[in-house]
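In what comes next, chain A is part of two complexes: it sits with chain B in the first one and with chain C in the second one.
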Partner chain A sequence: MAALDALGPVERERVVRQRRRGLGVVFWAAIAWIALILAVAAFANLLPLRDPDHTALLARRALPSAAHLLGTDALGRDILARAIFGARASLGIGLLAPLLATLVGASLGLVAGYLRGWIETLLVGATDVLLAFPPLVLALAIVAYLGQSVVNVIIVLAILTVPSVARIARAATLAVREREFVTAARASGASHARILLKEILPNILLPLGAFFLVLVAITIVAESILSFLGLGVPPPAPSWGSMIAEGRDSLDEAPHIAFIPAGVMFLTVLAFNLVGDTLRAITDPRRGT
Partner chain B sequence: MSAALLEVEKLSVALMTERGPLHAVAGLNLTLAPSRSLGIVGESGSGKTMLARAILRLLPRNATVGGSVRFDGRDLLGMPLDALRRLRGRELAVVFQDPMTSLNPVLTVGSQIAEALSEHMGLGAHAAALRAVELLAEVGIPEPGRRARQYPHQLSGGMRQRVAIAIALSCEPRLLIADEPTTALDVTVQAQILDLIGREQQRRQMALILITHDLGVVAGRTDEVAVMYAGRIVEHAPTCDLFKQMRSPYAEALLQAIPKLDAPPHTRLRAIGGAPPDPTRLPPGCAFSPRCRYAQERCRREAPPLLGEAGGHQFACWLPLAERAALEA
Partner chain C sequence: MPGLIGRRLLYLVPVILAVTVLTFLIANLLPGDLAIAILGDQATPESVAALHQKLGLDLPLWQQYLHWLGGVVTGDFGRSRNNEVVLHAIASRLPVSLELLVFAEVGGLLVGVPLAILCAVRPGSLFDRTVSAVAFGSLSVPPFMLAILLIFLFALRLHLLPATAYVPFAEDPVGNLRAMVLPGATLALLEWPTIMRVLRSDMITTLQEDYIAMARAKGLSSRRILLVHALKPSSLTLVTLIGLNVGRLIGGAVVTESIFALPGIGRLLVESIYSRDLVVLEGGVLVVAVGYVLVNFVVDLLYAALDPRIRHGRA
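Up next, the complex of A and B:
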């Protein structure tokens, strides 16, 4: 920053512009894809789409055409409509579960990293235990026990990701709490709550935000695995995972039934990962401020 | 002299280290009257910062504290944390050494000042923001309205320290502790910051403890000077008395270690030989005796107490310099 201050206004503008351009076309393409998917998922009801659950047995496994832009699946359902309504389930779960996990995990990590002591020991122990479980087995067991519903899937995926969020929040808090401005805040009479919320939390929001995006990508994949195994979103409502599972039987005659939802999911996960990684690189403390 | 604002009695701070307890402050006595200023001078590791942190109860977890600290008659070390929190920032304020790290990098400087105001003075958000801009103007920041909306990294080191001072002064404290407030700054900015602290101290009639490793910083700026060595005060006197006649060899050696402007070029600096003693293994007698030019048998055996009346010229030395001169004559 000091180097930036030394420059004249024109040069400074150029440097700033370069930095902005430095994020690259790929980053903005990823943002655009995420925006597109979110928009069509949000306004799916307003779009001129076919009913995603309407079966047309005469038009089974149709290739893309004017009537069905992305073709139909083994029951003659419109793949475009199913992919878009599937995005609702996949993205809904993929955003809500990490949101829940981030709220819970960040609070736990923040308190543990700040107060230290037995609370921290307890949290670290609990996260180690939870992280040692094979995640999918745990997810399958819990969904099988609680029953198959969207809410349960969200809860299960949140439980699985809370430990990693808590770890990141705790590590970031540990680094921040030793900084002198925290001592300065204590010296000016700040309460623990105020130090946590006003001094430390704003300093760990960026790493948490970057990790949130990576979690979204992981959760979309995890949800599709659960759906693929038949323990995700209950049928006949579409989700990308269950669409892939349904297309598996006709892979040799109509590969597009499985490949289109797989491709959409691939692009979405890739986009979230790219954005998350870029944000993490920007906020990496090793680059200096 | 009126009743003391701050009374430190037999204060000791020990830090638990792998090599045993480290006595950062060893049985220190100190009093400060309201609206007086005191400079505390000593080398790195002499315990100055630990003294300041002990007064504010901001010590690291591995520290154990003994003795008492009374502020306006109230026991700071014994009072519940809630009560202490109301005092900190309100009546007791502190300015830290490095303004690069003592401000929160992700909050605007205006909001950091307003924070203290709403916490202690009960100001609403709008009133606090207005007062923050006023305070920035008072500590000599040009364009305070624009600066208040900026983040610490957009300000120079000197300006950041001015912001830290504005935060410390925001609630009109009765005692300001400045812990090496200029060490991290450019030489040209140092004098401005010290002048600012001195001016505000006079204007607000608050007591000041100015901690520094530079005798030159306190000369002419504080009413009294206390010289610390190995966790103890070795000499404490009104500033002009001290500079007129230093009694302890350590204070004298510190003064001689300051480069003189009128000395011819290439004069060798008179550094103090050796290094401060290992604070986990203090020598049995006077802690300075291993480095003292005049040390005698007794100095190595017994630690000298701090003698002299409070408020006058106090010193801890078996052979104060004046007597030594008489002895040599």
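Up next, the complex of A and C:
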């Protein structure tokens, strides 16, 4: 409740209203959309879809119809099938890269924030250098040298997000490490590993989880930019970014080719942002404006 | 203040050195042979070896780095595949990117600041909730999506503005500005939500301060209170935000320049990646990264200049 007292009247009212009302329709709609996209992406092979790579030159740039529910692209490929298989690539990368980054970054931040000393100095210095690069430029450069593949894109996007995760984990650890229960555990002779895993880790999981969801949104966008520039998921496999890039050439005569994957992607990114932001606002009401 | 600049400079040097090391390592440790990239796959081993020697690629890595760094410091970034001096290529494209960034930042401020003030005056009102929701939604739109949407609306449907018709300012100022409107708007639309969101919550807090109540009690006009008394302390936040946003804007500029065919640094980077011109890429990445570090350095100093608590080291 102490946190509530620090708020201005408007924020206080908002937080209280939010607690009373539950999480709201928008939040659950976002959860439902994420669940839907995850389900169709996971079971894409079982769904009665057309082959996403099958080209039909007679049915190019078709508008949505019974045969092609969302129409076809400039090569006559079914947009619905490509959007769903594209979700596989976009979400696969969008979930795996942040997962990898969270595992590595959280471990680094946890250890640095807990042990402090030269390890912390080294970590802060290293994150400063990595954050000194404009992220997209660094990603482009590394992918260009490593070569274009799904695994490389995941690695690059994970490397780029490790510093920010490490920073958040370190800050959260610093806030927890002086608390009474940590002192008590230390006094009762618990090992460093035990204190880190049993006392500190559970207390920084919530902020890390909320940040993970926001990272998923950021990573989906980053992957789509790489794919849009032709440096992400290698063609002909669909990804939302490359679908939009392909649709750009027919923007005048068949705008739906670009705007359908764009809409699907926008809703997905928005959903992850919404859920992440709501969870963050709950864990930290002071920043809930 | 001089002490502060000195301390920050001391920190700046290792960061920039580390940036050069990382740029160099990315270009030289990752697979891919520069000589083969220059000569092509069919090159004979002898010619590859000869070029290795000429470029110094047969030396140990640290010597190569020092050699490269020595060149960079004296302005020698090497030559591109088609024998253009890399420094010239970068210098001729830098003004285009800077113009785009100025457009984006000014546009973002022009939209973001007034909306933030209007929202902060009546937080929780319908207007505030609508604008805040639109701002939150805009954060989920990638730059290329905005670019395509703007091209579709204003170039293809309304025929108001050109999509790809860049001309240098010196040749045709009006044409240059017209060509900059859509790419600038793309980045400005990317920029205003963060400005609006941060400034709004900043001002809501400020407006509850005692001195604002005092100003009201003295009978000052609302306009004066908002623009002078409440906005001024938030200028610090705006300065920091502009620094923080530059990194994202540079990324956005890479995409935007590619879509709108603007001959800026971002397009140079993307083109050098497509043509595997590693020397240009290395030089471009270094210039952009160092520029980014310097912008944040200046922002740090401005922040200190504006806030006496930091200037005197008491924060």
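Some notes on this structure:
Assume the second predicted complex is superposed on the first by the 263 of 289 C-alpha atoms of A that agree within 3 Å, B and C clash if a C-alpha of one lies under 4 Å from a C-alpha of the other, contacts with A are read in each partner's own complex, and residues count from 1 in each chain.
The rule is short, and it goes like this: a residue touches a chain if its C-beta (ideal position, glycine included) is under 8 Å from a C-beta of that chain, and two chains touch if they have at least 3 such contacts.
Predicted, not measured: the structure shown is a model, and the values here were computed from it.
Chain B and chain C, once both complexes are superposed via chain A, fit side by side. Touch criterion not met for A:32: it reaches neither chain B nor chain C. Contact with chain B, but none with chain C, is seen for A:189 once the two complexes are overlaid on the shared chain. Of the two partners, chain B and chain C, it is C that touches more residues of chain A.
By the document's definition of touching, of the two partners only chain C reaches A:251; chain B does not. By the touch criterion stated above, A:180 is placed in contact with chain B alone, chain C being left untouched. Look at A:122: by the touch rule set out above, it reaches neither chain B nor chain C.
Think of it this way: put the two complexes on top of each other by chain A, and the tightest Cα contact between chain B and chain C is 14 Å. Chain A residues in contact with chain B (one complex) as well as with chain C (other complex) are 289. On the chain A side of its complex with chain B, the touching residues are 1, 179-181, 183-191, 194, 198-199, 202-203, 289. Here chain C touches chain A in the complex through residues 14-15, 18-19, 22, 26-27, 30-32, 123-124, 136-137, 139-145, 148-149, 151-152, 156, 200-201, 204-205, 208, 246-248, 250-252, 254-255, 258-259, 269-270, 273-274, 276, 278, 281, 285, 288-289, 292-293, 296, going by the rule given at the top.
For chain B in complex with chain A, the touching residues are 56, 58, 85-90, 93-94, 96, 98, 101-107, 115-116, 119-120, 153, 164, 167-168. Remark: chain A residues 8-11, 13-14, 125, 128-130, 132-138, 140-142, 144-147, 217, 221, 224-225, 228-231, 241, 244-245, 247-248, 251-252, 255, 258-259, 262, 265-266, 269-270, 273-274, 277, 289 touch chain C in the complex.
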